[in-house]
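Labels for the chains are A, B, C, D, E and F, by order of writing; each one numbers its residues from 1.
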Amino acid sequence: MNSHRDKEQFMSSDTTRDAGLKILKTIEATDTPSIIASLRDVAPDLADLAISFAYGQVYARPGLTLLQRQMATVAMLAAVGGLEPQLKFHLRGALNVGASAAQLVEVMTHLVVYAGFPAALNGVAALRDILQPA
Amino acid sequence: MNSHRDKEQFMSSDTTRDAGLKILKTIEATDTPSIIASLRDVAPDLADLAISFAYGQVYARPGLTLLQRQMATVAMLAAVGGLEPQLKFHLRGALNVGASAAQLVEVMTHLVVYAGFPAALNGVAALRDILQPA
Amino acid sequence: MNSHRDKEQFMSSDTTRDAGLKILKTIEATDTPSIIASLRDVAPDLADLAISFAYGQVYARPGLTLLQRQMATVAMLAAVGGLEPQLKFHLRGALNVGASAAQLVEVMTHLVVYAGFPAALNGVAALRDILQPA
Amino acid sequence: MNSHRDKEQFMSSDTTRDAGLKILKTIEATDTPSIIASLRDVAPDLADLAISFAYGQVYARPGLTLLQRQMATVAMLAAVGGLEPQLKFHLRGALNVGASAAQLVEVMTHLVVYAGFPAALNGVAALRDILQPA
Amino acid sequence: MNSHRDKEQFMSSDTTRDAGLKILKTIEATDTPSIIASLRDVAPDLADLAISFAYGQVYARPGLTLLQRQMATVAMLAAVGGLEPQLKFHLRGALNVGASAAQLVEVMTHLVVYAGFPAALNGVAALRDILQPA
Amino acid sequence: MNSHRDKEQFMSSDTTRDAGLKILKTIEATDTPSIIASLRDVAPDLADLAISFAYGQVYARPGLTLLQRQMATVAMLAAVGGLEPQLKFHLRGALNVGASAAQLVEVMTHLVVYAGFPAALNGVAALRDILQPA
């Protein structure tokens, strides 16, 4: 068993949640992450899993910087399509951890090659909503 | 009209194709890109479009490094799924332009959050085929 | 040829349509299924095919209960994504044939494993719209 | 209620199945459609539904020629991706009802714009397997 | 190297752009294509790539008529799903190059077989928005 | 904060992993889950995340039975498509926790309505491989 797994296995869930919350706050650039309020009534456990697993166990891993993770995230979400709320959240998150608007436009232009023009145009529309709120 | 577009518009197609071919050779780490031979009989024009457009007009753009483009590409392909031949090609390409195997494993682990475990497991299977050819 | 197929083959289309209409009315909990009105002007035949085939020939089959079919349906629709109108219709339908809100939240939480957090979050958003109409 | 629906509604299931079988035989250019044998053991009813519904109730409709339906089918299957067995079946079917190999290559080239290069390359690979069996 | 590729390779980018613009104007039935204005602020180069590559290098190819290309396009977009803005644009485009409303309804009905009822219903909803603007 | 979350939050990671391993062994009907060996060389942490999160934190939740979870899982995987290795694993898992072969055939037949015939046929093909290994 390698050392990373040992560490993870014996880390308490509280520590994992705290680590996740800290990363989420950095990405959303807020002290009150929106996912907690938006899921409170219908699916509060899902917010907990997002914080402790997605942010606390995956984002917290070494190997990629937060910026690299956000760039990969927007690439994935825009390529899959139909995930506008999450795409906008993570485009904002990418800007919050150091991406430039020009780099995000470039990810969408790159997307043309791998997922076609419609996915790229919808990605740019999501980006425009963030950069130029009506 | 901005300067980038002026440049692109008046660049001859030959120059665009040469630029694309050079980038493709770097990504595939070969002097004889496989796409030309594989499409020669059935769809030779598609190879030309890949070289002149995908590599010559998109990859050749400034704003993202080749390594950033390859990381975004493997993220997109693994997230969409069902594109194993292209995923393997670009995982190799990512290694050829400076990604480490550990970084590529990390992209697949990150993928769990956004596309679920099955897509991540198939991404790792593609990566294993490249790192440990049977 | 097995007995089920014999039966189906000689069942008149009228019987099939009536069977389908009855099931659709149960799922939508209405005597005037919305699909008929919504397709009347542009694609009336598509409503007929939905009733006679989807409900009359598939849902009417033995082997799964209506509740099992609705649980499978919401799992499929939420996993594929981008099908919000149909997802909401069938979440309501699942409640109408006996699913609890808690079970539907649990299907969306389960979805995290197989399609990732964004699909699960959009599934929960669709469910919230039904449970807590604005 | 329009005349088309009246006709469809009162057509006996046998007639529908016969009409479907005739169309399927034309598309597959055989008197013994492969779907019947391939599903006999595990899911014989699914073959019946394919014949009576897909071919007997949808393909049999007026409004599009068989060639137009096959062209739309290969466009849909190649764009969605991950459906190689069905894509190959319908590429052969398209050739059987009058499409040229060049037209099918052109559909795949057109696909680049709407679903990207990987989907188009996989579509061409499916087509090459049909045109140049190993 | 075949004659088509020779021609394409030495065609100047200006000619390619002009050819693309002419085709786009025909499809959108306007002298001022909307994509140029909608991308001007955030991603002007993406509009250029759409015009010069998608329309100038792909649509301009022989082998399929503009009507055949638009029919394939709406089939692809409706089958993939989640691409409503582009689907509506190209449904209008199909009408502009000679498709009838009935043919477009029929493509959506055909879609039921290959992508299921939800995708077909969303395709019809997009079509209704065009034929019967609120 | 509800009681379920309190419990989860303070459960040690070891307990979570043990709970996940037990569920995975039940689903795969083995004492040596294949995912551990298959990921050992390239992505051992991904196996840990699957066990501790997917099985230990999601499957272990109350609200749905193991059989309901497996039925939802095969519905999701077959609907998304292109995930054959995982679909086969979970079809076997569904049989291991009490589903009948007939119920699984019925899920695939139901899938025709929501994802079309190609996805259903590929689902049946995966099922045939399990029921009738060559």
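Note that a contact is a pair of C-beta atoms (placed from the backbone, for glycine too) under 8 Å apart; a residue touches a chain by one contact, two chains touch by 3 or more.
Everything quoted here is computed from the prediction, not taken from an experiment.
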| item | value |
| --- | --- |
| Shared interface partners, meaning chains that touch subunit A and subunit F | B, C, D, E |
| Over-half contact-pair match to D-F, picked out of the listed pairs D-E, A-F or B-D | B-D |
| Whole-Å separation of chain centres (CA-atom averages), subunit B against subunit E | 25 |
| Euclidean distance of C-alpha centroids - subunit E vs subunit F, Å | 40 |
| Numbers and ranges of subunit A residues touching at least 2 other chains | 45, 49, 53-54, 58, 61, 77, 80-82, 86, 105, 109, 112-115, 117-119 |
| Category of the chain touch graph - line, ring, star, complete, other | complete |
| Subunit D residues within the subunit E interface of the complex | 53-54, 58-59, 61, 63-64, 68-69, 71-73, 75-80, 86, 102-103, 105-107, 109-115 |
| Residues of subunit B that touch subunit C when the two form their complex | 112-119 |
| Complex interface listing, subunit D residues touching subunit F | 35, 39, 41-43, 45-46, 49-50, 54, 77, 80-83, 85-86 |
| Touching residues on subunit A, where the partner in the complex is subunit F | 2, 4-5, 8-14, 16-17, 44-45, 48-49, 52-53, 57-58, 61 |
| Touching residues on subunit E, where the partner in the complex is subunit C | 81-82, 105, 108-109, 112, 117-122, 124-125, 127-128, 131-132 |
